[in-house]
């Protein structure tokens, strides 16, 4: 703990996740003054037919 | 926000998700009196070897 | 399963949750053609200092 | 309810999940004195590029 | 990782959680053959007006 | 979407959450090249009797 979970539309690259995980961890370490070892980051990549905004699937919104 | 997450056995069609996302959003808009734009719906489709009820995998229950 | 989870700003009444739980369950029963007994709904009420949009806490946005 | 969710690095076998689901359910039934029918277990199998510890992806840690 | 999350009706004692956390961790260590240090357990205690089954709040079911 | 969720031991101040929410959002906007409006951050503050590591409650570990 802390455990950071990021739900996002699929399609982000491994390099993007690598950078996001590193920077988010650095932020938490700096602001909470804790060891980096305690921070876990998880990504969930979601297809566009599994997300809806305002009642419409991302698939139908062309996202 | 609100964020609605639905964990379910995989196999629902896109058309079913489309309808569920629409109707759930309509319900929340009506009851909470908020704009539809604020409502996000996420689906997680889970294989039958990743769900257990009463200690038995859905896979073993023939579901 | 399905398990429906709703994260929302705190302040909804029990009567609103009662209605939302009933209508969402009805939608899922109708669209997925399953028994209502299989549907669980959970609410998480979140204070305005625990939600941020566009990098700003709801607390600071006056929400 | 209770709903038990296990997020884990992918690669566990169905037989391992079968045993974990059974034993966790038994523990909850015994300690909480409730019927097994009320206990749901869900697994999320996560690829090593979607987990980071101390700011580094499991992929980069050779896990 | 693994991260085990247990959502449950509020009212379990600390002693019950202590025992459940210990036994679930032991199960995972034994079946997955990993170090106990890697296992995190989280509990979410939910009031009876925030859970519904079959479209009815636990509050209204007398639970 | 993306939705960032941070589960953490309770006790962080609003000012710490304000800063974490801002910096995490900035990171995501920069790396994913998306509008800040699309990013939601949620915090869950957990008491020390609801977290266990290596089978021991944080409460019992003096955390």
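Letters are used for the chains, namely A, B, C, D, E and F, taken in the order the chains are written, and counting of residues starts over at 1 for each.
The rule is simple: a contact is a pair of C-beta atoms (placed from the backbone, for glycine too) under 8 Å apart; a residue touches a chain by one contact, two chains touch by 3 or more.
These numbers come from a predicted model, not from an experiment.
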item: Between chain C and chain E, the fewest steps along chains that touch one another; value: 1
item: Intersection of contact partners for chain D and chain F; value: A, B, C, E
item: Angle of the C-alpha superposing rotation, chain C to chain F, to the nearest 5 degrees; value: 120
item: Interface composition of copies chain D and chain E: same or different, split at half; value: same
item: Recurring contact interface, reference C-E, options C-F, D-E or B-C [over half identical by residue number]; value: C-F
item: Label of the chain whose CA centroid is most distant from the centroid of chain B; value: F
item: Selected pair, greater C-beta contact count between A-F and E-F; value: A-F
item: Chain separated most widely from chain C, comparing mean CA positions; value: D
item: Centre distance in Å when chain A and chain D are each reduced to the mean of their C-alpha atoms; value: 20
item: Separation of mean Cα positions, chain E and chain A [Å, integer]; value: 24
item: Residue list for chain E, restricted to those that touch at least two other chains; value: 1, 3, 7, 24, 40, 42, 44, 46, 51, 53
item: Pairwise touch network: line, ring, star, complete, or other; value: other
item: Touching chain combinations (by label order); value: A-B, A-D, A-E, A-F, B-C, B-D, B-F, C-D, C-E, C-F, D-E, E-F
item: Interfacial residue positions of chain F with respect to chain A in the complex; value: 1-9, 12, 16, 19-20, 23-24, 27-28, 31-32, 46, 51, 53
item: Touching residues on chain C, where the partner in the complex is chain D; value: 1, 3, 40, 42
item: Complex contacts: residues of chain C adjacent to chain F; value: 7, 44, 46, 49-57, 59-60
item: For the chain B and chain A complex, residues of the former touching the latter; value: 14, 17-18, 21-22, 24-26, 35-37, 39-45
